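The next part holds the structures, each set out as structure tokens.
The same chain A turns up in both complexes below, where it pairs with chain B and then with chain C.
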Partner chain A sequence: MPADLNNDSTPSRPTLGSLLLKSQRRTFLGVDKQKAIRFFFASNSSAAVIVLVLIMLFLLREGVDFLPTYRHELETYQHAGLEFCDLVEQPLAEHQQLCSKLRRVLSASLNTITYQARSRRDAAYQQMRDVEEETRLQRAVLTNALAEVPPAALEKLAQLRQELLTATQLAVSRLAVPPSLTPSEGWQLKRDLALLSPESAEPPLVLELLSAAYIRVDTEAHASFKPLVEAVEAFEAAPDELHTLLNTLKKHARETKALVTDFHSSGKGHGRKDPIDFASRITPLTSRIPELSGRIEAYAQRAQTAAASLPPQAGTPQATKMLSEMRAMLPGHLTEMRAAAGKLPQWSYEKRVSYFKVVLAFFFGDAWITNSSWQDFFGFIPLLVGSVLIAVLAVLIATPLSIIAAIYTNQFASVREQDFIKPVIEFIQAIPSVVLGFIGISVLGDVIKDVSHVSWLQWLPGFPIQERLNMFNAACLLALMAVPTMFSLAEDALNNVPRAYIDASDALGATKLQTVFRVIVPSARSGISAAVLLGLGRVIGETMVVLLVAGNRIAIPDFRSGLGVVFQPAHTLTGIIAQELGEVSRGSAHWQALFMVGIVLFVISLLVNWCARAFVRRFELSKS
Partner chain B sequence: MKFTLLALLVAMTVTATLQAQTTLRIRGSDTLGAKLVPQLAEAFKKQAGNVSFDIAAEGSSTAFTNLLSGTAEIGMSSRKVKLDEETEMRSRGKDLREFEIAWDVIVIVVNRGNPVSDLKKKQVVQIFTGDIRDWSEVGGNPGLISIYTRNTSSGTYKDFMGLAMKDREYGSNSQKMAGNEQIASEVGANPNGIGYLGFAYAHAKGTKIVSIEGALPSTAEVKKYPYARPTFLYTSGLPTGTTKQFIDFCFTASGEAIVTKVGFVPKSRAK
Partner chain C sequence: MPALQSPPPPPVVQVREMDFCYGSSIALEGINLAVERYRITALIGASGCGKSTLLRCINRMNDRVPGARVTKGEILVKGKNIHDDDVDLTQLRKQVGMVFQKSSPFPKTIYENVAYGQRTHGVKSKDILDDAVERALRHAALWEELKDRLDQNALGLSGGQQQRLCIARAIATRPDVLLMDEPCSALDPIATLKIEELMHQLAREFTVIIVTHNMQQAVRVSDYTAFLHLGKLVEFAETDALFSNPRQKLTESYLRGTFS
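Up next is the complex of A and B:
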């Protein structure tokens, strides 16, 4: 062979590769070249492991301190007597819910009489706002010119006024007079609106007449529902005295808390102050327990009397129903208030807050309240529920899509189709998540909202929806992000089904469909499950989309609305970190709480990935 | 040789003037320290050169503690000085000077189709704390209220609590939005939405400004509007040198242009 001849004739010049790989005896610190190269490659792969360990250590270091810090905060909450005030304050919050129901009942009842006058007035005002909106530009120019110092030239002002007038007249000519107004009123309205100018503060005469008419009718309505009006007012005013006392106590508790914060911040720097004598600070609170219990009882009595004086019927059937709901809720609320009064004497500021309680307060707390002027709470449940709901929903949407697509591409598609589908689906991964978030805000949100207002779709739960930014919107976008991962993995799983299975199935005379659904898909089952799980892992850690689109309401969604719950806004574990970490002062309880959230998120992701791995292992066993 | 000496001399004077560069330390309110004062400082630096700023915004009270200990030339505060703070300053022989630089206005907006156009202060408290849940309770069309607020780390979030909510918590039905723009667009798109905005963002598409007990926010009548408050700069003793120049700069036309741009109302226009 010519190559051999060449090798024989010329002195061999070693190539770079052979130089690197050839074993040479030269060593440095006992390591020869071979070993050095091996170490180099090993160190590169171990870098990933080291980084992972470092991330874990860093998260733990920042997060672990959270427990003592939060414990200290909760202890202060107790020692300063904030908890004492909350014993009464929290059950009292329900009073406002009852009031809210009563106010709605009242409004619905009054509305039976005032409806026409009100809608006439509102329609006319809406017309005025429409005109103002249309001529916004010209109005702003004129207003600015009028405010200028030194004042603008008179001719210029006159010109601007003329421009505004023309624009206003144009806008008015396009108005359609609402049918609730009489033709003559409509004519007057148009005439007055044509002269609308930012210089005249008074609204047009027709509008004032319509307002006056409404007020007249409203007074009549109040008179005819007098018992209801009075009962509602009495019920609303029932806790006034209790509130006054509670506010005094709260002020004192807050001052004590400020002293504690002061003490701890000054302790680090200059001269230490004396530690706070909680016992003497707490007596002003505890000494007023009899008075507080008295006022709670007085409130209960008054609320009961007011409720008893409520008329049995309200203006509309729905209002009457709400009224009876309110009546049914009241005894429970009053029992709770009295129970709170009973708890007061047993309350002690000294009880220790155990770490167990702190852990419970974090992992099972149902309120995440930060930057509060009363007390911060770091309860993790609302965020977890939001994250899990969105992720599960996204996977539910993405799973059928990606798996059916994978089955089609793998088994039925022609080579040309495969060459088209695969890159396109994988391309979805290239869309930056912030861009998807924008699409969610500006397009998808409106689309979902518009669809939910279509009249023949009203049987769907949760329709019509009110919020553009909700969990469903976020889940749709996240599903889109999960599809490429799930599709590729599922396709691989289908590919890995041993050829022999398929041949055997064919040999037995099965049709293509039978082979696919009886043989291929079942034997790829665990691989497909792993694909779904990895899709879940991808979705639960996603931040930008949920931050922009999920609506950021920190509350446990209201599951009473059934499946419609998915159209409510929610906040997520990832979103809260992104939103709040930026401005939080380093080392504070809030900062550490966010790191705890990060740790939990990390653990969840690890678990999901670990599960996926376990599935894959099972899948590999079945292959052999 | 002479030339080298001359060059050396010039170099020395240059370094000397560079070293003479003054640093203004400004401490206090995060409302002012977030945007307004840093932007004023930037503009002032361009004009006056030779000055650098050290701004830290950790709340209005730090303005006075820093002035007291002499660790700041200027204190910024979103409230007037408290009596005890002033007496403590005076007892240490320091004379506090106050400069009202701008008015901070928070505007309440609802959807343009919402018939409600006036709210009482008490109703605002009740809406944002979640006590009032339905528009029919304040004279609107029945429908659950959607509340849009800034996120918890924003200065306005806390300011609004103090100005309008009597320091009570936001209701759990409130949604935390990333910024003024997002609040405006959600309120504009949701017929049952309500939110608050900085004055500069108030005229957004699809939204309507709600008057509070009859008072509409406007530059012409800032002081009558309940959710407006003056913001101040404080110095200890009459300001001199660069400090004086900077404070004077805040009241010039270019200073006021920045004040307006950031969403405050300049003092000269607040009536």
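Up next is the complex of A and C:
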């Protein structure tokens, strides 16, 4: 309606009266044009709000069911007696750690004696492999010729043998005899290797001799460390009987659990009482408490005896140190085992699992175990710790970088420098995070690992590191991703400092540096804080880089290594969702648990953003 | 009229035959001005005639404007050419303080605002700072009002208080000359009155040059008045003489308001 349009676009503002009159004009379904336009704009802006609400509702709908499902799982865990077995099983896991320490002590000790013989043998075998590798082609040809069904002509075989011989001799002549072999051994080795052929079944004589020598030395080593060897063996065997009994009990518990699962999956209904007679299924477990306690006690005593028969010294100082570490850990372990035995009679399969306990088990659970044949646990702490550590570390790295860059660009850089720096930093944002993940895996990981092995850097906590993929690596890349956000926002904040402050400071005789650091930066403080917080929001929700680079080990990092903890691998809230959501069946406890993680992630992001806004608001209030 | 027996004291600020350009456009031309010690000199003139530019030449605030420069003539402060190579900008600004049109206290405490100048000049001693802050605030007639809230944020003060705080901040470094660029133009009449009273006090210790677009104000506060027009200094005389008996036609028509 052109006439209407003309009316509305007249520059003079209509008075209230004329508006009232105009609203009597044409309407469509009772809605006039003003209202329609208003409604159009309002609906567009509310679309965002509606989508946000829908997302929240969807997350909640999927996640809220988690609590009853998980409660049911935990109840089954208890009713079927899996919990009963874990009372013993969990403390017993420490036996494995102690054993592995002992095994390392033993091999380090044996190594002091066998090292030379073994390295001589290995060096000689390496030489043989080198020759074989160099003559691989000729060997293959000859082997094929020999295997042909109508046998190849004798002359042809002879020719092939001759070629192989020449090639082998050439390869042998290039060999450098390892220094650990004596000259005469070296000479023999060369002589024997020169005759190496796929037709001779036995390895060259020198090699056999060296192997025999090693075996002899190894036997001697075992003999000379006899007390240690025997003690270690005794310690390893200590829980055998306990394990046997425990495995019987676990099998029974698992069968009970399978009954429950079958019952539910056969569709006989949720919510109805389980018709399984837990009381009678549990007696085979509880009736064996005396036997179980007896075996625990027997294990404790055997372990103690074995430990007592350990010699005070191992072969090397480090091994001795590890030995004493192991000795220090043992009493605690045995106390726990005996305490577990004490807990068995009190245990009851009937205790109710309250929702409070379920919530605790989720929010404060220290294990995230899925797809287990035994029992799944959805404890959230390992993921939270991983996410928070990585995000905080990333922000710690990115903050100085981006703020210093912002100050430089805003205050000191020439116009040409600004025109270069700003687009470059903003371009970082355009790098797909999966590409950054590549870099973390293929470049940064190796760089960090190599640097950590540099000898004069060993005073740094956590060095040398073992894992290429770890939290520090991920944090570095996330820091890179956070820099553009933080840089732009910090630069804006600096830009927003009123010109008048700068003039006043200049007029008081302040130098450029003084003006920057005493007036501009302090005035932009809230804006800079908001920039840091929004950077945090950016990294805590980032998924791809952490999934690829953080190492994905689901365990609470070991904080005993102090700051070096950052060089351990970890898993994250975002990473776990990305990794597992595609593989779980819809509606299962695991699926719902992942949605719970999503909800928590969502809440964390909201909080971070809200804090950032609060900072900005305070900033604007104080400015006006 | 002051008596003429004793020889006049040497001017604190002297501008000689100065031309000033922003890039290629001339903003000031052939300015001659001698400002007497402990007197208030007002610069008046239509907006855009170059009053602020002239004022900002005296403490070289124009240095930062790209392309802005003095193309001819010189400016002497206490007999020293301020464009000499050995002049340190910090030292110059220590001698020539400035108060701007828009009050602009830093978002810091009242104390830190006033102490800012001293601190930038390297003063660390708490006693000296305390002393300077108290003196400056007393001078700016703020001490009684603010002595109990020195650690509050200066942005919480009223507009008039903020402007007086800016004056205190400018005089805390004890400059010889105080430049004021329309210091009352954003204030209500009562706050304006207070600042005008304050200026008479200030003139006992400082030489004040004030830009104002308000001719009554020039009459009320100043001893001398300079009238600028289109970048030229048309007339410079004692205020009473200039207002009661202008020698130039241009001045007369400007004062009468019959100005094209």
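We adopt the following convention: the second predicted complex is superposed on the first by the 506 of 624 C-alpha atoms of A that agree within 3 Å, B and C clash if a C-alpha of one lies under 4 Å from a C-alpha of the other, contacts with A are read in each partner's own complex, and residues count from 1 in each chain.
The rule is short, and it goes like this: contacts are C-beta pairs under 8 Å (C-beta built on N, C-alpha and C of every residue); 3 or more make two chains touch, one makes a residue touch a chain.
These figures come from a predicted structure and were not determined experimentally.
Placing chain B and chain C on a common chain A by superposition gives a fit, with no clash between them.
Touched residues of chain A, counted separately for chain B and chain C, are more numerous for B. In the superposition on chain A, contact is made by A:Ser523 with chain C only, not with chain B. When the two complexes are overlaid on their common chain A, residue A:Pro569 makes contact with chain B while staying clear of chain C. In the superposition on chain A, no contact is made by A:Gln301 with either chain B or chain C. Looking at the shared chain after the overlay, A:Ala510 reaches chain C, while chain B stays out of its contact range. In the superposition on chain A, contact of A:Ser46 is made with neither chain B nor chain C. Of the two partner chains, chain C is the only one touched by A:Tyr501; chain B is not. Of the two partner chains, neither chain B nor chain C is touched by A:Thr219. Taking every C-alpha atom of chain B against every C-alpha atom of chain C, the smallest gap after superposition is 52 Å. Comparing which residues of chain A touch chain B with which touch chain C, the overlap is empty.
Within the complex formed with chain B, the residues of chain A that make contact are 96-97, 99-100, 103-104, 107-108, 111, 118, 122, 125-126, 129, 133, 136, 140, 147, 367, 369-374, 441, 445-446, 449, 466-469, 547-548, 551-555, 569, 571, 579-580, 582-584. If you check the complex, the residues on chain A that touch chain C are 498, 500-501, 503-511, 514, 518-519, 522-523, 622-623. Across the complex, chain C meets chain A through its residues 59, 61, 64, 89-94, 97-98, 100, 102, 104, 106-108, 116-117, 119-121, 153, 155, 166, 169-170, 173. If you check the complex, the residues on chain B that touch chain A are 112-113, 115, 117, 126, 130-134, 136-137, 139, 142-144, 146, 151-154, 157-158, 161-162, 167, 169, 172-178, 182, 185-186, 189-190, 192, 203, 208, 219-220, 269.
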